[in-house]
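One structure is given here, and the rest of the page talks about it.
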Amino acid sequence: MGCTAHDVIVALRAGAASVAEHRDELIQLDREIGDADHGENMDRGFRAVVSKVDTAVPETPSAVLKLTATVLISTVGGASGPLYGTAFLRAAAAVADVDELDGPAVAKALQAGMEGVVARGRAVVGDKTMVDALSPAVEAAKNAADSGEGPAKVLAVAAEAAHRGVQATEPLVARKGRASYLGERSAGHIDPGARSTALLLSAFAEAARSRS
Amino acid sequence: MKKIINDPADVVAESLRGMAAAHPELLRVRSDPAVIVRADAPVPGKVAVVSGGGSGHEPLHGGFVGAGMLSAAVPGAVFTSPTPDAVQAAVDETSGGAGVLLVVKNYTGDVLNFETAAELAGIDGVEVRSVIVDDDVAVKDSTHTAGRRGVGGTVLVEKIVGAAAESGADLDRCEELANRVVSQVRSMGMALTAPTVPHAGQPSFDLAADEMEIGIGIHGEPGRARVPLTSAEDIVRRLLDPIVGDLPFASGDDVLLFTNSMGGTPLLELYLAHGIAERLLAERGIRVQRRLVGPYVTSLEMQGMSLTLLKLDDELTELWDAPVHTAALHW
Amino acid sequence: MKKIINDPADVVAESLRGMAAAHPELLRVRSDPAVIVRADAPVPGKVAVVSGGGSGHEPLHGGFVGAGMLSAAVPGAVFTSPTPDAVQAAVDETSGGAGVLLVVKNYTGDVLNFETAAELAGIDGVEVRSVIVDDDVAVKDSTHTAGRRGVGGTVLVEKIVGAAAESGADLDRCEELANRVVSQVRSMGMALTAPTVPHAGQPSFDLAADEMEIGIGIHGEPGRARVPLTSAEDIVRRLLDPIVGDLPFASGDDVLLFTNSMGGTPLLELYLAHGIAERLLAERGIRVQRRLVGPYVTSLEMQGMSLTLLKLDDELTELWDAPVHTAALHW
Amino acid sequence: MGCTAHDVIVALRAGAASVAEHRDELIQLDREIGDADHGENMDRGFRAVVSKVDTAVPETPSAVLKLTATVLISTVGGASGPLYGTAFLRAAAAVADVDELDGPAVAKALQAGMEGVVARGRAVVGDKTMVDALSPAVEAAKNAADSGEGPAKVLAVAAEAAHRGVQATEPLVARKGRASYLGERSAGHIDPGARSTALLLSAFAEAARSRS
């Protein structure tokens, strides 16, 4: 059973709730190697997304993702705003022609999203950014979709892989974003953007699971 | 958290309201998205100079809006770069037909958001160029990293290119001048205490009573190294040596020396440090021809300072001396 | 103690050296005793306006030395009024034959030291008058006490009387104007944190994380009352109500509103508070015609603010608007 | 046996040493109800006095007191500078015609000094100032001198009375000086200027005693 526009909205609401719940944790992570605003930025952005999809009611998954992108771009700011914004924009474009997202469509959306982040931010795996969470998630999602799994399972394995990616950022020395100013001192801390990526994927997966 | 605020979520908006009330003759403030605009903008036929970034660095950038400096400033949330729609609104409010120059501090967030705004403005038919300021020698520069941060040098870029635009220089010339300043300016900062971001509610980092952070930025991000607190003499040397060595500045050079308070350091201490910097530069034969001393690029209430050195030539000196009418710089 | 200093005993002298280096076109600094003197002093035929007081309140007073404001500033040790010989040296350096007006903040130390200096100068044949500024409504006024302190209103006295002296007004007129400003200006301050005096090495008072001092002075002396920390809205009301009630200021009055940072409060917060003060005054029908917002009368790194209200008339407004060329005020 | 110029210098040195020793205590007292500089002001001033009498070598007690006054006036600043300065100036004038100070001369000098402080500062007993230490000291000194005591004893009883005066300042609400800004909050603290007065008198008394 595929994800409708409504399902995507439900997933975004779950994502927003998770971001709100982990706001202080994300601030704390960013405080350690950044400027203590990532939780606030994401929370502000996803609150705005939720209130927007309430009034705008877009009709396709792609339209929901595109609206999310626009709202994030104009409310989050910082590095994560344009990066997450681009991710959702590219995801929207990647699934533009379908009414329901099946497993492969979800994997494709994730892949396109990650490519958007890389296109804008030019980070590679190991730079200690959200790419370190996205990259394994995309790979896991693709494998699951290739084995015929539906959206819920695809998102579940993606989320799981993303969380492993988050842990892997801990020993790294940052080469992109604000943490890179710390040089060697950035090692020993988890990247906040990677963490928010994994949190969102978990929330999406959980929403898809309870629906199915 | 000890602050004179109401709801942390409203700090920037409420502060802008006060700024608008304080300087009706210099600027106006539009909201949703928030932009601080020069009172007489758009000025027809002149290049508009627009900058912006996270709030919390006041007077940067809003305090530099006015004749002879910025056409508009785009304030983001505290320590968070503004969004593209806000930058685009600033372009719309100030574009006088001769193009717009965006002065962008080199942070991933600022660069990405301003980049997007420039694209959007281009689609609307406004010619927009960007200059990236990256003067902080505390950060190792490399093509594989985010690169150097933009810090104190930003004020000098904004003043000089603002003066050029005011005098009628075209977009090419403004861009060339801005890049020239960027290529000749270097900075480094340090902190004794951490700032507290209103929405975070606690200090951005913890620092023992006998420690200081060297090579700090202006966003409450920790510095390159945490070292024991020493004397003013030692602190100034630690900032000046890497700056002088980087460009490098040499004996016989004419320079502008900018001694900046990060916010919480009193003028009494800042002048003291400035005097040391002047002496150390004189010992090296570097000639300080112009100076700026005060809290101009701050990090909320953070105690600390930065030094910025700009190599001057006749043209840059003349543009620096040109009249300016803003809340923070006025001559 | 976290400060950018060398030996605490040398802070003022070293800071003055830096100030002299920073503003060669505006002022010169003489030492033993230390005086900050306007670059072109003495100005023949014009009244000299001299002020001074303990250091640690920068830019007060040295930042106001220059054309259109102070002829000289006499800096004492940190938070300690200068000695009579220093004040006398300032009189000697600036007297241009038309008399000297001393602007004295009402503290026992300042009054006694300036009084002695005026006597000494009188013996030397220089006509010297004093005006005592006592604008702080936090202190109960009575003939049996030391009376009200001089705080933020001092800047307005110095600006207005400096403009009059620059325009050639005689000593009688300068004295009359200064007393008029004193009679029409009221202030009140508060603090979130205590300053640390370099020679003391620890904060001047202890304040819990959820407390603030209302009715504070500018010397690290505790305030009138210690109360729970509240919102900006409440803080501004607590300062404004006693000020407005004291003169009193009434609906229809034209005023200058001066929102002052005690040093450590960032501009972001200060503008926010200023906006609230403007709104509250508008609600009472009091018309804010001029404003000054910034750290002008500080108490080292103390976080806090003060509000000052001056009732304007055409003459005072014109003198406020007159050109001024100093390190801290320039238009 | 009377006090010569040399004896007065020795007493001033002892006073300077006591002020230096109690510098931090005086700062702390002034921190509580003032601006934390009294110890620093007095220490700066008396250091300067000591280094001045070393080079200038005045020849009469009056000349020593006058030099002390000038140095204090030009180095102490604050409220205490002109007040102590005036005290020493008036004391110098009061004993202008003698080569050695006997008991009555010391008492007269103290009395004149206090009158100088009152003339300048207009404080009365109970205002919580140095006058609260000076006033009982002057009275005790006068009584001792009237009973024929010499300088050492006169100073000893003066010092003792001054210390009692210091203690008496504790419950008072200040009406003069910086502490008056605190209103009721000034009660419960000892006045720093009263304390420095008592410290000086003790040191002078001790110097006179060891000489005799």
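First chain written, first letter: the chains are A, B, C and D, and each begins at residue 1.
Heads up, the rule we're going with is that a residue touches a chain if its C-beta (ideal position, glycine included) is under 8 Å from a C-beta of that chain, and two chains touch if they have at least 3 such contacts.
Predicted, not measured: the structure shown is a model, and the values here were computed from it.
Trainee: Taking each chain's centre as the mean position of its Cα atoms, how many Å separate chain A from chain B?
Mentor: Centres of chain A and chain B (C-alpha means) sit 32 Å apart.
Trainee: Rounded to the nearest whole Å, what is the centre-to-centre distance of chain A and chain D, using the mean of the C-alpha atoms as each centre?
Mentor: 75
Trainee: Quick one: report the Å distance separating chain B from chain D, using the average Cα coordinate of each chain.
Mentor: Chain B and chain D have C-alpha centres separated by 54 Å.
Trainee: At least two partner chains per residue is the criterion; list those residues in chain A.
Mentor: none
Trainee: If you look at chain B, which of its residues touch at least two other chains?
Mentor: 78
Trainee: Drawing the touching chains as a network, do you get a line, a ring, a star, a complete graph or other?
Mentor: Graph shape here is a line: each chain touches the next, no loop.
Trainee: Chain pairs in touch?
Mentor: Pairwise, the chains that meet the contact rule are A-B, B-C, C-D.
Trainee: Which residues of chain D touch chain C once you look at their complex with the stated criterion?
Mentor: Checking each residue of chain D against chain C gives 27, 31, 33-37, 40-41, 44, 73-83, 120-121, 175-178, 180-183, 185.
Trainee: Applying the document's contact rule, which stretches of chain C touch chain B when the two form their complex?
Mentor: Per the stated touch rule, the residues are 2-6, 11-12, 14-23, 55-56, 58-59, 63, 78, 192-193, 209, 212, 229, 231-233, 235, 259, 263-276, 278, 288, 291, 293, 295, 298, 300-301, 303, 305, 327, 330-331.
Trainee: Chain D touches which residues of chain C in the complex?
Mentor: On the chain C side, the touching residues are 33, 54, 76-86, 107-109, 112-113, 115-116, 138-140, 144-146, 149, 197, 199-200, 202, 204-205, 217, 219-222, 224.
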